[in-house]
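The first chain written gets the first letter, and so on, giving A, B and C; residue counts start at 1 in each chain.
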Amino acid sequence: MPGASHHRNRSSVFTRPRVSLLAASLLLFSGCESGGPGAARNLTLGGPPAKVSYQEPPAPAPYGGPGVSLAPEVKPAPDAPTVDIHLDVTHTKMSVAPGVEYVAWTFGGVVPGPVLHVRQGERVRFSLTNRSGETASLAMPMPHSIDIHAAMVNPADKYQSVGPGGTIRFEWTPNYPGVFMYHCATPPMLHHIAAGMFGMVIVEPRDGYPGRPDRQYALIQSELYLTRAASGLYSVDSLAAAEKRPTYVVFNGTPTRHVDEPLKARAGERVRLYVLNAGPNGTSSFHVLGTIMDRVWIDGNPANELHGLQTVLLPASGGAIVEFVIPEDGIYSFVDHEFADAERGAMGRINALGP
Amino acid sequence: MPGASHHRNRSSVFTRPRVSLLAASLLLFSGCESGGPGAARNLTLGGPPAKVSYQEPPAPAPYGGPGVSLAPEVKPAPDAPTVDIHLDVTHTKMSVAPGVEYVAWTFGGVVPGPVLHVRQGERVRFSLTNRSGETASLAMPMPHSIDIHAAMVNPADKYQSVGPGGTIRFEWTPNYPGVFMYHCATPPMLHHIAAGMFGMVIVEPRDGYPGRPDRQYALIQSELYLTRAASGLYSVDSLAAAEKRPTYVVFNGTPTRHVDEPLKARAGERVRLYVLNAGPNGTSSFHVLGTIMDRVWIDGNPANELHGLQTVLLPASGGAIVEFVIPEDGIYSFVDHEFADAERGAMGRINALGP
Amino acid sequence: MPGASHHRNRSSVFTRPRVSLLAASLLLFSGCESGGPGAARNLTLGGPPAKVSYQEPPAPAPYGGPGVSLAPEVKPAPDAPTVDIHLDVTHTKMSVAPGVEYVAWTFGGVVPGPVLHVRQGERVRFSLTNRSGETASLAMPMPHSIDIHAAMVNPADKYQSVGPGGTIRFEWTPNYPGVFMYHCATPPMLHHIAAGMFGMVIVEPRDGYPGRPDRQYALIQSELYLTRAASGLYSVDSLAAAEKRPTYVVFNGTPTRHVDEPLKARAGERVRLYVLNAGPNGTSSFHVLGTIMDRVWIDGNPANELHGLQTVLLPASGGAIVEFVIPEDGIYSFVDHEFADAERGAMGRINALGP
């Protein structure tokens, strides 16, 4: 590719500005006249400058906080004015299929990273510790960071990279309900995301989401681009990622995982899925076999409601909440209906096989 | 691809469960409190177990039923409490371009399969006969099935595969209006869909769709992945399908078909198109030159109305109803504006050339 | 590709009909009963036949008209019953990256072409002069044309190709507000668009867009497919375009342009972006880091409002107006979150670095 080095040189887009910023905390009344649901409300914007320290004791666990779970589980959102959430960044071996182990870069030691469930308007005191230095024999220690799509803060400050051994702390407030992505924002971002550094944030509306589904699950779709090293271990195939040729496309980390570990429901029940397409490259044509999504909230915001969908199209880094009724006892598969991707692993099951 | 055999082994996702299911017919009141248009309505869910028989006499025609037509034609939806619809599955030679004949796997002997037009709430008694055994010299007889996106039934039962010579019968009720896909659900599904096994179901609202267009047509977009065999016949190129490298992208079966067979309209008329993107892999950026779609119903549901669109983005297995006025005498082409696909054949014409 | 010559032979899709058309001007009341915002309104459709002349004196400038600007600038829409807009088509050398110059085919001598800002209901007297004959040493003179997605006219007449030295004049009226694409419609269209022949039309509602953003900018995403000739100059790589393997993906013409020339805003301000994805092939998962789009109008029509989006998915030839608040001092990057495309250049910055 001509000029490849050219834009690689510009990769400082996502790094810290040279000039130190006045990252003042603003409590702003958004001056919008439209009266739309997204406007004319109190927004809590920005926050005090992020603090980076290389002197902190290790956290008690690789991830923690109220409302933090591992997909497909969704824990209730906390109901408190402030919550503390912590994630470690680690480099870890992950098994993706028999005989296929790769070196993942992770949030919390898992791929996808933990599901963070928070509530609109509450203050999140967030911390991230880069522990990539502890597994230097597995993968080179390196800077990492986190970009939280649910936050409204200065990326050059809060999403700055922190080196091995460092901890970054910043605060943010979720202003809009929805299903958001978080991911590492250290260049090259395509590589960091492809290596496993992504997860879901659910922002519950102040008064909760409408409706009372009988079951709810989190599904995070992503692509894996793998190449085998001489050691037998796999790692991210940068060229395949740049050319959008995925090895696997998966829900919740491994191909066809929820065929072996089906989600559960019963006939007649209403199921809610929090769905995120983390990409890093492809769209997802998300479909559930045997039923119809009677309610779909684009990006998880109830203001964006669609009805009676067979399939919802998710952008790279787009989310949705979808709901449907289980028609009768049976097995209800879900797929990315871009079918080459389903056959690469983007399929799973909801079993409704009686009491 | 590492582990390709791995997820191929899991391909039983879409096959019958080992445990026989209690596929009881449920008439459920969906217990949803939201009051949204998709909620709190009577839904007819599931149905008695499908019946498979290898003893049935052949149907009088390869497809049949009220409201069944061949695209671009749309017949009126029947207005009856129950309707009977039948489709044969056949293996047939199809000409796609001069000198390019391929072995299609079909519903009803045509690609795309017939358009099924039914009405919300009516009971559909559906039957499918696998006649692939009758052309063994052309292609290996094999199991086939049908997945109807408009139905709410247990896929493991109703969408089960049936062998050559067999007939499957099941009932279903369309609960939501829209433009839905049907397709073969026998693994590998990517191959079965790419070989021609897909079609459109239109579900008319109980009281009909709003508006009275002067013309209406059905357009089904799909991709063809072909490779030439020693015999000179073409067949599905599995690798190209897996890698999303289509040979052709078409509306209603063959490249630029509706350039040679243009749809007709007159200046000043309102045209309604029922559009389905069957994939199996790509999205469609559907656009009509020279006009603007003043009304677009995502997935064909009037609850999902958009206005004044130049282009509507359809997922793989997504539909829409689009309407527009023909501004003046002329030729109005329609394309997938993902232009490499238009140039592979995804273009057609509406001629409005006077009385 | 089998049959490639087949559909290439059909490329007359977009050319003039053999029969001369009665391109009468119609002032039509659209007979739609639905009462939807897109229906039952006065539309001005079509117009007198286009006039082509090879005798006109050159225009005073390669582009001109009230409300015409170069992206990212957006000028106010004129407020007059009729406006005159002119564009020259030229073949011009463009620098896309250090050491990478290509021969662009342009509207107005720039890539993307100028932003045309017009008002719903006003009459546009449009002229286009093909000056490709003046740079025959750089690229072969050839016919060109323009297709304006905001217009409702007969493409076979108004979008006809005009040869070198010729000027085409036609009138049109924008009926729907929005962010529309214009592009060359001369076959092969994929090549003409890829070579630079595209731009944005903004149609302001009769009474203006709701809201009063503090800043507004135009962003046009497109793909470049380049191959290096013996001369050292680059030109469009037709095969790469057909196979959707872009060399660069860019906003406003060159990779990472708005990293070097950041857009400006201040903390607390409301920013409106007019975004168009010109393709020619890919979708765009448009995302702004560090904030949330509280208001998104699909295709730029306020009737299609979404709220609280992290990412909006744009079809090829689809637009949107997006608005957001700048949370605090900082650097807010925007990207196509289909991240391989971001790394090919589809990223830029909004700097909010204090007064």
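The working rule: a contact is a pair of C-beta atoms (placed from the backbone, for glycine too) under 8 Å apart; a residue touches a chain by one contact, two chains touch by 3 or more.
Since the model is a prediction, treat every value here as computed from it, not as a measurement.
Colleague: So what shape is it, when you link every pair of chains that touch: line, ring, star, complete or other?
Modeller: Here the contact pattern is complete, since every chain touches every other one.
Colleague: Rounded to the nearest 5 degrees, what angle rotates chain A onto chain C on CA?
Modeller: Copies differ by a rotation of 120 degrees.
Colleague: For copies chain A and chain B, work out whether under half or over half of the interface numbers are shared, and give different or same accordingly.
Modeller: Here the answer is different, because the shared fraction of interface numbers falls below one half.
Colleague: How many Å are there between the centre of chain A and the centre of chain B, using C-alpha atoms for each centre?
Modeller: Taking the mean C-alpha position of each chain, the two centres sit 33 Å apart.
Colleague: Which positions in chain B are in touch with at least two other chains?
Modeller: 283, 313
Colleague: Looking at the complex, which residues from chain C come into contact with chain A?
Modeller: Residue positions touching the partner: 96-100, 210-212, 226, 228, 234, 245, 247-248, 255-256, 259-260, 267-268, 270, 283, 285-287, 289-292, 294-295, 305-313, 323, 325, 327-333, 337-345, 347, 349, 353-354.
Colleague: Flag every residue of chain C that touches chain B in the complex, lowest number first.
Modeller: 1-3, 6-7, 10, 12-14, 17, 19, 21-26, 28, 30-34, 36-39, 43, 45-47, 147, 149-159, 175-178, 180-181, 185, 188-190, 193, 241-244, 279-283, 298-299, 301, 303-304, 313-319
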